[in-house]
Structures are given as structure tokens and as C-alpha cells.
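There are structures below to look over.
First chain A sits with chain B, and in the next complex the same chain sits with chain C.
Our next item is the complex of A and B:
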């Protein structure tokens, strides 16, 4: 295309440095916010005031920040549960099911030790380790089932993980409602509350699962950048045929990624139902957190499966979901504005990935 | 899209008369093309020897500054076979696409019998009597030959007179000595027969100039001969035939009256058959002298490396594609498996490397039964495979060169320390391969999909050979490569042989098989017809065997 003697061309990029990718994401964010201001303007509201409320509450209010970080931890685990299979070219849509089962397993440990009715006489570190391991194991089993079916008989993993969500959802209902074994003694259709000793310790007001997120980030970064297993996962994800030719075993990869992914989803379940202050039970509204975990797919896709970039996206959406709801209530905004804003930002972030592959070159046209 | 000619380099002027003028000229041009009388007129009274099609100063520049065609002059006379010769990337495909209306040139003009024409699409080109036979056949497999020929034909809009059409098609085929069964389904045909269908289709549409893309690449020697005879007959009818050929120089000399040689988008020379030799053509095409006789040093064969016993395997459709195959290859030997595409060589290679399960039979590697061994075990044991599908199987386009080299080393204790890969060491290894194999690549960190076909194959071959395999299975190692890269790949195979590796070479190019192999095993319909020592493997015998014409004595 030529405009006023200047030639504008689209060129394919050969490579893209990390800081540029980050810059484009930041620009995408600004663009999305600007775009959404139009909607606020149409509703006769000041975008500046609204954004101040949203971001102020989510990140600069000590109470809001704690809520945001709890959401962030949850989304980070859910994202990692998605990313691992995603890098192998497989789709884990089963975070809800995996996290429900993870949460149930944690509560199951307490239940078996008699913590539903009485106090537990067990050292806290040991108990916490058992809860975490049980959650990871249960998530891994549910995920691994999908991986096994995929690897052995090439059963579509999206269908399997999705269907397992329903099974797990109703299994939780069975356990916590209508006289289920985990039902609260008061009979409110909720699980029993964790005894004091089983509750996660707080570090500066945040659950210690926050540390796990950062540990996982380093571990996954090393897995993909340096380890043989990560290399095989990436190779399989880019080209299953070529990976197979190179000796990678598809069955093994399918199992591994879903076991790992499921374990991380299990952690998300543990985090929200056993580590977030003030919860410590599987509430009646547990389905909401299952749905929330789908944001892990969004985070994983926007960050293109990068374990570090994912955390920034998870923090953003964790904060927005808290701040957006707060601003909506405070400023009497329309219903669903918080989700609409998140949706616009997602589309904007994904659209800007165009610039990951292309650049626009403007050159003076010589006659 | 506007070309430079349209606007003459000037910015569009708002002046009304200018616009009217432009519109008029456009309308006129369009009209001229669509008038069918013109088509009928233009092909009246062709005299042998007159220029049918002329391309003048064709220039095409692709985005990114690649000059694919640089002021190319080319003309084809009636009754002439005019080959266009050039390596991959020399601009053949671009020129062909321009002549057929698939690509518009930036500069230059095309004239049909002296009249300037502009092809906006293949439809325009077909209307002007140009027919094209693609290398990769564009037919509907489930349909009959007749249906394929009628498909998209202008006459076939509305009611089709099937019987008349069939008679006409049979008449055309008979005239040029083609054997076509109009009722046969395309999927039942061999590659050679499919090509005949494409040619008849073009002729039925009234082609006077026939462009053939690598016409003999998938044919058996017998089919090739038949095709050449038919082409000769066509030229007697004052048709022009333009075969585009990459590397089959003997074939160029056998059929062409004229040869135009392209290199780097330019016409290097135009020669008549009388003065052209294989040496001259190759030298002009590559730009430097080419050695044709590969040095095949004497290597004393050693222990048997691979022994295959009554091996059978199925293809993707579930049919038996490898039938009861047995052979042995020893250290320092090359076994050449000759055959036309689709006769089971591909399935044999995959079965040997464990990428396809064996239906029955055994594979012994250094005395050990590996029939059930995994692909990874085979790599570790010292087997190596270079697949024919270099971009789909042999490499991962999105990965860097280093990561592609890692495909053969991620499991190797030298580069895998308790689960962690030594990327720095792998990068050094990649740099070594780049240097030794003369790979043109800016750095080991670029994505491998940016490499040309020849350089890609060099990386794949270098990666596999750097493991010093005891057995190398090379599946179509030089297919589609230019003369220079082909020569290089073949030298490397001989080098592996000198290093006492056993090599199984699968190729559809008989000359390649004969010049490299110690033993030649022609394959036909899944069976190995015979295994002949190099001294007894004569081209005509092997050619008959791979065409299924071998008579048991």
C-alpha cells in the first residue's frame, strides 16, 4: 500500500525478543482500556474515575489486594494446569473437575483423620503436606485418566476432560449435600469447616500457596527451557509426527502432561477451599470457582504458554475480577460490566499478538 | 492489484479525462479477452515455426525484495518442444505461473501470436489456448476420468452431452497415442495415467501451448518413453510444448528442440539440441562445473548389520504394502531400493525404523531381533533414518536449528545430564554441522522453516550422520534438491559407506540408485523383484522390473 509517497508494508518477523512481546501486551492493555472507556462515556460516566476505582481497589487497597492475590494464586494454578498440556498440543478443559476432586481429597484426609467432628492431634506441617499431596494426587488421577485415554486410544481429550467436570461436580454435591459424608453438621448443604490445625498459615496476610506459585514458575520455566521432558513436550506440541520420528513416545507424553496439569488444578482446589482466609470449607457456591478456573485457559492462551508471562495475565485478571465487581457496586454500573471489560481486554491482548508475527514497515518510496 | 504499467509510475490524477481514459482502456481489455471469436480467430492457420507465445522482459519481484524473474525473454514456436531448465529457486515456477495467469508480472508483456495479452487468472490463460499440467495432479480421485475432464469446462455448464464429450475425448487421446479409459476412476490410475488425463483435459479445452511441470518425475522409464512419443506427435500438429525440468538432464536432451536455462531469475542461455550436452547444461544451470561421476571407493564389506526376514506391513489404508520382503545389508554396503512411488518402498522404510508396525516377519539388527523395538531404542542402537517428508516428519519448522539437532540428541547421555539438556553443547554441535555441511543459515538460533529445501536436508542428514549410525535408511534423500545439493547429499552417503555404515537408499531416480548402490533391489507392488549386484544392475533391466514387466525365466 502506498500513501503520500510512503510505502506501507507488512513483513513477517523472523524472531521477536521477549521485551518487545511484553511491550505489545502492555500496549494491548492500554488499547483495550481506551476502547472500553467509550462504553463508559456513552453511559455518562468518567472512565478515569472508574479505572481509578477498579485498579485502586484491586491493587492499592490492602483489603482488596488480599482478595486479588487470592484470585491470582487460584488463576495461576489453573493456568499452569492448562499450559502443560497446551505446550504438548493438547487441551485441558477439565480444570474444574480436577480442582473439585483436589479439594475433596484434601477434605477427605481431614475427614479420615477424624477432623470433621473433633480436634486433630497431628503436627501442622505434616498435615498440610498430606492435604497438598492428596489434592495434587486426586487432580493428577482425574487428569491422568484423560491423558491415558488420549494416549492409548486417541480419545479426544477435550470431550473427556469436559465430561469429567460434570462427574466431579455432582460427586462434590453428593459428598457435601443431603447427608453426604462431608456435610456440615448444621446441614446447610456445605462441607464441614476445616479445624484450626488444617488451615493454611498466612505470610504477611497471604496464604503460603503464593510461594508455591513462584516455585512452580521457576520449575516450569526450567522444564521448558532446559529439561529433556520439556523439550519432548514442546516437540510433540509443535509436530507430533516429527516428535514420534525422534523417538518421543506419544502415550508417555499424553499421560505426563495431564498428570502434571491435573496436579496443578488440584492445587487450585486446595488453595481456594483450604487456604484462603475466611473460607476453609467447600461452600454451596463451589461451582463458581470451577467456572472461574476457565480463566486459566485465557491466561494460558494469551501468554502463549509462557509460565512467566502467564502470571502477569493471571494477576491482571485476578485483580480486575475483584476491582471490577467493587467498582460496579460502588458506582452503580450496569450488570456484567466487569466481565465485559475483561472480555474486551482479552480480545485486545489476543489481537495484538498479530504484531508477534508481523511488523509494519514504512519506507519512503523511491521513484 | 495495480501493476506499475497501470499507473505509469504517476500518482492517480483527479482529472476527469484521465479516469475516463483509464476506464475505457480497462473495459476494452476485458472485452477483448472475453470475446470468444478472438480465441477462435487467433488460432487460425498456424504455420509450423511461427512464434506462438512470446514473453518479453518479464520481471517479478516478490515482497522482501526477491527478484524471481529478471527481464526474462522467452518464446515458443509452433511444433517445438522448448524445455525450461533451472535449479530450485531459479524462477521457473514464477515464470510458469505468469504464463498461466496465476501470478501477474511487475513488468514485461506476453504476446500470443503477436497480440499483447494480459492474464488476470488461469481462466484467461486457458481461453487463450494455454494448458498446464501440474506436477502434483489436481484431479478428483473419486470421480471418473470423464467427469474430471468435463469438470469446470465451459461447455459443461448446463446440459452435458456425455456421449459426445466421451467420443471427442477418446478421439483426442487416440490421435496422440494416449491410452485412456474415460470410465475409469481416477484413484485407480497410476501417476503416469493421471498425467495423461491432465494432458487430455488440457487438449480437450483447446490448448495450443502445453506447459508441463516436471513431466517425468513420477513416471517409470516405460511410461516416460510413451509420453515422449505422444509429445512428438503433438508437435507435428503445430502445438507448442514447454516442459519445465529441474534436473533430469538426459530427458531434456532426449526431447527438446530448444532449451532455455534459468539461473537466479535470469535467462543464462538458450541452446538448441544440436549444441547442448549434459555437461554444458549442468554447468550453465549451476554456474560452475559439476562432477557427474561420483567417486565410489572400494569398501570391503564387513559384518551383516541388518537382516530382514519375510517382512510384511500394511499401508495407511490397511492394504498389504510390503509383501514378504527379505534382504541383508552389510557394513560398507549401499542397498538401493528402486521403484516408482507407491510400490511399498515408503512403508518398508517406516517399518524398518519402527514407525509402522510389522504385520509379519522379522528385522534383525546386528543379530538382535528388533521387530518390536521402539523408535527410541532404534536410535540408541545406532540406526538412523532420514525421512522423505522433511518438513512434516524430519524437522520441526517452528524450532531453531539447534532444537532440531536436539531431536537426535535429547536422549543422549552426552547432552542429557540427569534430565537437563546441554543446549550450549548442542549449539556447538549445530555450528559444526552447519560448517561441515555448508549450510546457508544466519545462525543456529533461526527457525528451521526459514531454510531452503537443500539446506534443510543438509541439516537433517548432518544431524543423523553426526551420530555415526551403523545403519542409515535414507528415504528419497535427494528428491527435489537442486544439482549442487544432490551431489553433496550423494557424496555424504558414500562417505557414510566408507565409514563402514550400512546404507539403505530409497530413490525413484534410477540413475541415482545405479551410481551409488552396491546392490540394487527393485520393488514392484510391495515385493522385492530381485536383488542384483551393481555390476549386473543395468538400467533397462531395473526399469522393466520396477514397471512390473519382469518375466520369470
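Our next item is the complex of A and C:
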């Protein structure tokens, strides 16, 4: 195409340096937020005012900040659950199912110890360790199933993880409603409340799961940068065929990434239902938290699978979704602003993928 | 009993519409995993349009229109921009899921229109679905157009050299696929389950996607699978008709999803693939760059 003597050409990229990829991700994020302003304009609101409200509440209001951090922890786990398989070129959209089962497993431990009806006489550190391990194990099993099927028979992991989401969703209903074993004694269609000793201790007002997020960040950073497994995952993600010639076993890679991813999603379930102050039960609206974990996909894609960058994005989205809910109530926006934001960001991200593949070259035409 | 069967066939017709679109899509070499998002959009916007205008016809048109637009978007991302087809499809799914939650919420509740007429107590759309199966089969396997679509999905380089416009044919396929999915969504939201609720499609898009893999890209097998899953879905809603008192209703609700996984395992197994398979379009999921 020629415009005013300049020739504009699309050229396919052979490779893309890391900093440029990061820049495009950042631009996609900005573009998404800008695009999202349209929704506010349609609702006859000034976007500037609304973003001020959202960020003000999410990060500069002590109550809002606590909510944002809790959600940040949840999204960080959900994003890590997505990132590990993603680095190997596989799609884990089964975070909801994995986190439901993780939460159920934690509650199952308390149930088996007899904590449904009364207090438990057990040392708190031991009990907490059991809850966390149970959640990770259950998530890992659900994830691992998808990984096993992918590795063994190349069964499409997207459909399998999605189906597992619905299966786990109804399994939770079975356990906490209609007289299920975990049902609240009051018969309210939600789970029993955790006894005092099983609730997560708070550090400066935040659940201790916050520390786990940071520990996990270092662990994942080391995994990808220094460990053989991390190298194999990355190699497999870049080119399964080449990795195979280099001795990487596809079967084990798909199992490992889904087991790890599922375990992290299990932690997300543990966090929201057993560690967030004021919750401590599997509420009737558990499906909302399951769907919220899809934000993990966006965090993972924007951060290009980098464990450190993911935390910044997760913090931003944690704040945005909390602030969005607040603004929604305050400014009488429709329900589901946070979901709409998720959709808009995702489509902006897809459009920006173009720049990973192509560059626009503008050259002066000599006539 | 008769009502149960009819209801099953009506569920099957929705799987069929969505599956046929995706089948044509994939025969042309483009994988669209965002079926669920397109169906959600078709169902939600079709529902809102019909509710506001009080006119079913407008509702279906809007459903098809938005489906075609989203199909076009998928084509633009994956054919023109060269974005990974799975990334684009996932994007369309989350876009649909997020936006329809926001857009549809003020319209939560029943449609409030008189129900559409039936023929012999079954929806006329069922007969349309059967006709579409035959038409798509005929066009794909007996006409020059179908040959073009299939060659673009198998060997795009060869097709291009022999004078076909790969990009244009693929665009037509994805637009058709999107339109069918949007229509399927509209039939779901306006006829099968005319009560809007947050994410009320319940994964039917993903089940339809699995049915396309199951069908080995044959419209008749797709229809058979759709009927099977229609029966299964109704059974999971009404287990007391056949197995009174057996297991909780929530356990029954898991059954169609478990069956989807089992079916996928079956068709992915070595036994199945060596016995029946090898029908996968060669270039499925691979972006094509014209040299």
C-alpha cells in the first residue's frame, strides 16, 4: 500500500525480542482498558471519574485494599495454574474444577476429623498443613487426569478440562446441598463453617497464603530458569517435535504440567474458601469464584507466562475487579462489569497477537 | 415418555446446528474453539432483540448476524492476522462469556412471548436440522464447492497453486460456521430454554465441539452423536423417569459431561484411530501463509 509517497508493508517477523513482546503486551492491556471506557460512556458515565473510583477504592481504601489483596492471591494461584501448561503449549482452562475439588478436599479433612459440628483438638500448624496438602493433591489429581489423557492419547485438553469444570461444579452441589455430607447444619445449601482452629492465620491483616504466592513465584522462576524440568517444558512448548528429538518425553511433560497447574488451582480454592477472612465456608455462590479464575488465562497471556510479571497483572486485575464491583454499585452500572472487562481485555489481547507475527515497515518510495 | 423423546430431539437439533457450522469450519482447515462464546452471544442478543421487539424472526436474525460477525472476527484474527487459532478461539469464548454476562443481566428472566408453534408436537427447527445435515453432506462431498473447501483444509499450498483462493474460501467457512453457531444459540435462548440467566448455555458449545471430533467430520455421524447427547442431557435432567431414587440429581447432572470425556477418549485411542480414523483434515489448526 502506498500513501503520499511512502510505502507501507507488512513483513512477517522471523523472531521477536523479549522486550518488544513485553511492550506489545503492555499496549494490549492499555488498549483494552481504553476500549472498556466505551462501556462507561454508553452508561453515560465519565470514564476518568470511574477509573478514579475503581483505583481509589481498590488500592487507597484500607477495606478495599484488603479485598484486592485477597483477590490478588486467588488470581495469582489461578494464573500459575494456567501458566505452567501454557509454557508447554497446552491449555488448562480447568481452574474452576480444580479449585472446587481443592476446596472440597480441605473441607473433607476437617470433616473426617470431626470438625463439622465442633471444635477440633489438634495443633493448628499440623491441621493447616493437612488442609493445604489435601487441596493441592485434589487439584493435582483433577488436573493430572487431563494431562494423562493428553499425554497418553492426545485427547483435546481444552474440552476435557472444561467438562471437568462442570463435573466438579455439580459434585460440589452434591456435597453441600440437598442433605449432602458437607451441608450446613442450618440447611442453607452451603457448606459447614470451618472451626476456629482450621481458619488461616492472618499476618498484618492478610491471610498467610500471601506468603505462599511469593514463595511460589521464586520456585517457578527457578523452575523455568534453572531446572531441567523447566527447560523441558519450555522446549516442548516451542516445538514438540524438536523437543522429542532432544529426549523430552511428551507423556511426562503433559502429566507434570497439569499436575503442577492443578495443584496451584487447588491452592486457589483453599485460599478463597478456607483462608479469606469472613468466608471460611463454601458459599452458595461458589460458581462465581470458579468463573473468576478464568482471569488467570488473561494474566498468563499478558505476562507471556513470566511468573514475576504475572503477579503485577494479577494485582492489577484483583484491584480492577474489586473496584469494578464497587463502582458498579455506586454508579448504578449493570451487574457483571468485572466479567465484561475480562471479555474486552481478552479480545484486545487477541488482536495484539498480530504484532508478534508481523511488523509494519514504512519506507519512502523512490519514484 | 413422548415428551421426553421430543425434548431430546430438540436438544439434538441445537447440537446439530452448532456442530455443522464447526464441521464446515474445520473441513476448511480452521479450528474454532470459541463455539461456546458465539452461541452465548447468539442466545443473549437474540433473546434481547426478540424480547424488546416482541418478534421472534428479528431475534433469530440477530442471533445469526452476531454469529456471522464473530465468525468473521475469528477469520480476521486467524486468517488475516495469523494469530494462533486456539488463542483466537479462546479469546472469542471469554469475550462472549464476559460480555453476555454484562449485557444480558438486565434481561434476566423469561422471554415472555408466546411459544413458537410445533409440527407434530416437535419444533420445525428439528426438520430444518435434518435437512441441513443432508445439504451440508451433499455440498461437501458431492459438489465442486465442497471439493474446494476440503482441498483448502487438506493441502492449502496445493489448492492455492491450482488456482483456489485459500483465504477467501476459509473466510466463507468461518462466517458460515459462526452464523450456524449464532443460530444454534438463538434457538437455545428463544425456544429450548427461553429464560435468560447468567451463563445459561451450560457448556453446550464445548459439547458441540467434542461432537465434531467424534463425527470424524461426517455430518450424519454428527447428527447421530447429537441425538445421543440430546437423550443423555434429558436423562440427566429427569433421571427419576428411568431410575427413580438412584443417586442424587446433582450426580446425574454430571453424566453428559463424563460421557463427553469418555467419547473423546474412545475416538482418540489407537484402536479407534487405526480402525476408523485418519479423517482429520490435514491442515486443521495450521495457519496458512501465502508465499
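The rule is simple: the second predicted complex is superposed on the first by the 284 of 367 C-alpha atoms of A that agree within 3 Å, B and C clash if a C-alpha of one lies under 4 Å from a C-alpha of the other, contacts with A are read in each partner's own complex, and residues count from 1 in each chain.
The criterion applied here is as follows: contacts are C-beta pairs under 8 Å (C-beta built on N, C-alpha and C of every residue); 3 or more make two chains touch, one makes a residue touch a chain.
Quick caveat, the model's predicted, so the values are computed rather than measured.
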item: Which superposed partner A:29 touches (first chain B, second chain C, both, neither); value: neither
item: If touched residues of chain A are counted for chain B and for chain C, the larger one; value: C
item: Which superposed partner A:245 touches (first chain B, second chain C, both, neither); value: first
item: Touching partner for A:11 - first (chain B), second (chain C), both, neither; value: first
item: Partner chain(s) touched by A:350 [first = chain B, second = chain C, both, neither]; value: second
item: Which superposed partner A:297 touches (first chain B, second chain C, both, neither); value: second
item: Chain B versus chain C as contact partner of A:231, first or second or both or neither; value: first
item: Contact residues common to both interfaces of chain A (with chain B and with chain C); value: none
item: Interfacial residue positions of chain B with respect to chain A in the complex; value: 9, 63-64, 355, 374-376, 378-379, 385, 387, 389, 392-399, 403, 406-408, 410-411, 416, 419-421, 423, 445-447, 450
item: Complex interface listing, chain A residues touching chain C; value: 12, 39, 91, 93, 149, 153-156, 158-160, 162-167, 170-171, 173-174, 177-178, 180, 291, 294, 297-298, 301, 334-337, 339-344, 346-347, 349-351, 353-354, 357-358
item: Residue numbers on chain A that touch chain B, as the complex places them; value: 9, 11, 14-15, 222, 226-229, 231-232, 234-235, 238-239, 241-249, 367
item: Complex interface listing, chain C residues touching chain A; value: 33, 77, 81-84, 86-88, 90-92, 94-99, 101-103, 105-106, 198-199, 202-203, 206, 209-210, 213, 248-251, 253-254, 257-258, 260-261, 264-265, 268-270, 289
